[in-house]
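In the two complexes below, chain A is the common chain; its partner is chain B in one and chain C in the other.
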Partner chain A sequence: MKFLPLIWSNLRRKRVRTTFTLLSILVAFLMFGYLIAVSNAFDIGVQIAGVDRLVLTHKVSIILPLPFSYMDRIAQVPGVADVAHATWFGGIYQDPKNFFAQIAVDPERYLRLYPEFLIPEDQKKAWFADRTGAICGKYLADRYHWKIGDRIPITAPWLKKDGGTSWEFTLDGIYTGATPTTDTTQFLFHYDYFYESRLRHDATVGWYIIRIAHPDQAPQIAEKIDALFANSDTETKTSTEKAFMQGFAKQVGDIGAIITAILTVVFFIILLVAGNTMMQSVRERITELAVLKTVGFPNGLILTLVLAESVLLAGMGGALGLGLAWLLISRGDPTGGALPIFVMPPWSTALGVVFIIVLGLATGTLPALQAMRLRVVQALRRG
Partner chain B sequence: MQRLINWLTQVYAVGVLNLRTLPQRFGSSAATVVGVAGVVTVFVAVLSIGEGFRATLQAAGSPSTALVIRGGSDTEMMSGITLEDSRVVQDAPGIARGAAGPVASREMLVLVDVPKITTGTEANVPLRGVTPVAFEIRTKLKILAGRNFTPGRNEIIAGAGAAREFAGLHVGDVKHWGKTDWTVVGVFTDAGSVSESEIWADLNVLQGAYNRGTLVSSVYASLGSPADFDAFKSALTTDPRLNLKVIRETDYFAEQSVMITTLVTRLGFLIAAMMGVGAVFGAINTMYSAVAARTREIATLRALGFGGGPVVISVIAESILLAFVGGVIGGAIAYVVFNGYHTSTINWQSFSQVAFAFRVTPLLLFQGFFYSVVIGLVGGLFPAVRAARTSVAAALREL
Partner chain C sequence: MPEATVSQSQEMTFDGEGAGALVRVREVHKVYTRGSERIDVLQGVDLDVPRGDFLALMGPSGSGKTTLLNLLAGLDRPSGGVVEIGGDRIDKMGEGELAKWRSHHVGFVFQLYNLLPTLTAERNVELPLLLTPLSSGERKRHVAAALAVVGLADRGKHYPRQLSGGQEQRVAIARAIVGDPTLLLCDEPTGDLDRKSEEEILDLLQALNRDHGKTIVMVTHNAHAAARARRIVYLNKGQLQSEPIQ
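Here is the complex of A and B:
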């Protein structure tokens, strides 16, 4: 501890260089934060998935409708605890660029299946009772500045009975997520309203969500359900929500992976460049280290001093970078809607700290070892 | 004039001095080059994704082709047009007439799950039902392998992009969708457009397989000339019997690329901006140590009568040069690794897969080089000013 002032004055020796090295490290770890958030955003579905939920879709494609009558038959399969249906609406709010999921659901069933959608009891009651009511996630409400009670017009591809295409919904509630990765980008409304107002009546839904009593039986139950509808006009494909989301995320293909890979490479390049400067500044002081050795500093202490200096520098830059990343990322999606779930998961901070320590040790060790092995006479002569 | 030449000579002299001492500072100079190269690689590579995607969707459109879908829908997928309505469209003014009547193609678009080769998981591949007139509208479409499908048979042809990205779409393969078996009889190209990501089948067969009756998704109409669009549009949108949306094909596809290009462009610029700041800090460090290492030489020159201006310019020039070398390396890496890289992704706007290739365009490379020069300029500025400001006496005494 008594050597802290020595370390500090070494850092302050070339203040400009120390400052800019610090800033480089800061930027590197700011990037690291974004790298994690971006890669996270690309395969977010996997984390949204509940272990006890299955998703049932049409076997040929998710866009094809399923008979409404399947619900009761699914519910009777042993091991199935609950089931809800959902139907993609696909309308436009003001501009086609405002893309978000509008889903026609049976409100009570749907919320039973998604307990992580937290909504105040009074709002929930109001929505259940309001046939043209809707609720939305907090992300959407913030993005479009919606308040409870607002009338939200959505132009739909579905003709209404009155010949129009404009559907109006009253916002009865706003749900929040139980965890930061909960999907709060959905817009949910009554299937009954949708079904009755639509010009073309067919008793179909888009997909089913199924809760099973024992998650470990998922494959067997999924198989049993699909067998129920095999060789019918509408065959089904049941998978765990995780597999379904994974398949969905993988539709993005390797673009997400490529962007993540590029960011990773660059993170290490910046570290390399900053590390090089740090090593250089130790190398320049080899004469001084030789002086310390001459006055009797043991090798181990010199090693510790140099390492402490580089770890301190890396630590300050890294902590500021991670802090700034957290601050900026918690302000949300930088792309204006394409990556709605943009967060830094807690484990990323831990990983960041590991990188900071590795950076400090790696940049300090080489020159420190050099200094330790140095013959005093030789080092002094170099000056 | 004499003074200018004198000034330039000084810049040259100091510049050469700087460059000749460069090998002595190889480590830190290389760090700057590597740092900037990283920035430019990322900048160019990420933006080339957006360029490639946009190019694929833009290749699809012709300004003299109009797309008719149902009012209220913004994609073909969500649209539906009855037989009577599509007949009205075919008789609308402005449509070019071919040997077999009006060049208006009634088409049906659905999705089928086909495994993506790179991930092995199912992906939404567009399956389009067409009649022979569709080939009159896509004039660049060519059968690359095999033959075209025979009307009335359960045969399909696959776009070259789809055949490359998704499993089991080669001539002779059989696909089982629903209760129907489809045989792949051909593979086609369409000048790199989005059609190449699709699978095509006979309209009537597809309607039958999907119980669609005579309903179609859209009508593509070839107009006599791009100028006929307004008349065509107003004829259809003012007809009280119809509820249709009429868009130019070019506008339709431009709209479809908005989301992904915005995502990639914003992400690219954000990342490049952050990294640029990092690279500037690196460059500043390098140039400060470069200047520090030459304090004696610079002071000697100043004592000999060299002005402060040439010193500033030469330091900045060195910084720009290093950064530019980094920029060129970065651009070259991005070009070699990413240009023409084939992939496919889901276009959330149409909910279907689009096969495309990354495109490192000259404009992107130019932007990358320009960016590297800016980094060099900013990075060299402060050290340069400091070099020029240091008092000659103090600098010489330092030794």
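Here is the complex of A and C:
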């Protein structure tokens, strides 16, 4: 600590230059924090996927329907503990921009499969008993200011028996998540209502969710289930929920790889900018470093002081950048719904701190070595 | 310039003449090579400086004065010969050992003061004390005392740019003496000052020698400054002589 005034005074030497370097580091870490949140938002489905859940879809495409009759056969496969079905509704609430997932489900089965959806018992009972009832996640309710009892009209591509496309639901409950990363953006309603009201009356569903008793047996059970429907008109593809979510996210593009590429370029540029600043800074005070050595500062201490200066600079810029990123991220989803779980994961802060230290050390190492190897007599002669 | 070596006197001892002196230099050579040219800056210099002496080292430019001073400070190594200060063979010390030795035993005053411009006077003076285990309070007391000795007790919070040349040099002297070193080495300490400031600095050095018992070796071109020393030696073409150069 006693060397802090000395280190700090060196950073204040060229204030404009230090400020610009600080700003460039700040921007890099702001981007880091923000892009990690974006990547995390895309990846969240994968992260929160249950380890004991499998997802069964049509072998050809997720959008192709599966026979309703598969459910009982799946349930009989050894190792399967529970099974539920779900069907994508794809409707529009007021405006096509208001995108959220509407899923037709068997309420009791579906909630059994997703115990992380927490809903008060009275609301749950009300929903189970209400054929046109629906529940939604808290994020969604907050976003559209929905209250229990609200009538929610949704226009869907499914024609109803009466020829209309407007489906109306009563909001019977609002679920919350067991963890901050639980998906609270779903709108769930009775499959029975959907099945009985639509014009096309085929007994199909979108996908199945399967709970298995032993997660370590997932590959074998998935294989057994798919074998059950092999060579049929509707072959299946069963994967872990994690793999399913990964595949789903990759349909948008490999966001993680894109963000990693952007951040790599940004950090490389910052490495050059901050490194150049430190090199210049050391070159400008060759005489002063020689004076410190004359006074008796050992080489190791000179090396440490320059490295500390570099780490302090990176630390200030990085902390400000991460702080600003946190502030922006805490304002919520910037897309108005496409990234509902938009948070700065705790690990990203830890990773940011590691990057700050690495950046500081990487930019300071060369100038620190230069300062350490300085020959006092030559440096004083030059000065 | 690259250094050459002279293979002699490495195991020389100090029996007899010179025993008891604070600074003992024997057969010291310093050789540089520039391309194929060999420059013998110091050619077998012998020098004794008793404790409490104030020695002025004079000579024309290029005579090796600063080179000798750097050797005494342990900032440079002789190509041959022995440099012993206070019983320590500094010509045999490694770089780390020398740094530690300097912090304990030597105060160095430069011609151009060489204060750190981003630090206040008191922070500049405090620098050598950062290498000691003294507490912050103790360091402050020592700094205040050193600044008082050089007559700048009220200038501690000033930055070098806010001080005159003479005041800057006095801060530099305070920095040199704050650790209570055995030996004060001054390289043209008045070379960059006006006459009035020069007198003040010379008065101060004399007082440090006379009243505080500091042993001082001062390199100077200036006969007037050298006259303030107790003793003058002359360096000419790498060799010491006791008479002025004609």
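Convention: the second predicted complex is superposed on the first by the 347 of 383 C-alpha atoms of A that agree within 3 Å, B and C clash if a C-alpha of one lies under 4 Å from a C-alpha of the other, contacts with A are read in each partner's own complex, and residues count from 1 in each chain.
Quick note on the criterion: contacts are C-beta pairs under 8 Å (C-beta built on N, C-alpha and C of every residue); 3 or more make two chains touch, one makes a residue touch a chain.
As the structure is a prediction and not an experimental result, all values here were calculated from the model.
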I'd like to know which partner A:G90 touches here: chain B for first, chain C for second, both or neither.
first
First (chain B), second (chain C), both or neither touched by A:G296:
second
Considering only touches as defined above, state whether A:L380 meets chain B (first), chain C (second), both or neither.
second
Go through the superposed model and pick first if A:K2 touches only chain B, second if only chain C, both, or neither.
second
Where does A:L339 make contact in the superposed view: on chain B (first), on chain C (second), on both, or on neither?
first
Touching A:E288 in the superposition: chain B (first), chain C (second), both, neither?
second
In the overlaid three-chain picture, which partner chain does A:R12 touch, first (chain B) or second (chain C), both, or neither?
second
Partner with the higher number of touched chain A residues, chain C or chain B:
B
Residue ranges of chain B touching chain A (in the complex, touch as defined):
27-28, 31-32, 34-35, 37-39, 41-42, 45-46, 49, 70-74, 77-80, 110-113, 116, 118-119, 121-124, 177-179, 210, 243, 255, 258-260, 262-263, 266-267, 270-271, 274-275, 277-279, 281-282, 284-285, 288-289, 343-346, 348-349, 351, 353
So in the complex, the part of chain C that touches chain A is made up of which residues?
70, 73, 75-76, 95-96, 99-104, 106, 108, 110, 112, 114, 116-119, 123, 127-128, 130-131, 136, 139, 175
Residue set of chain A touching chain B in the complex reads 16-17, 20-21, 23-24, 27-28, 30-31, 34, 38, 59-64, 90-92, 96-97, 99, 155-159, 163, 165, 233, 235, 246-247, 250-255, 258-259, 262-263, 265-266, 269-270, 272-274, 276-277, 280, 334-336, 338-339
Residues of chain A defined as touching chain C within the complex:
2-3, 5-6, 9-10, 12-13, 287-288, 291-301, 376-377, 380, 383
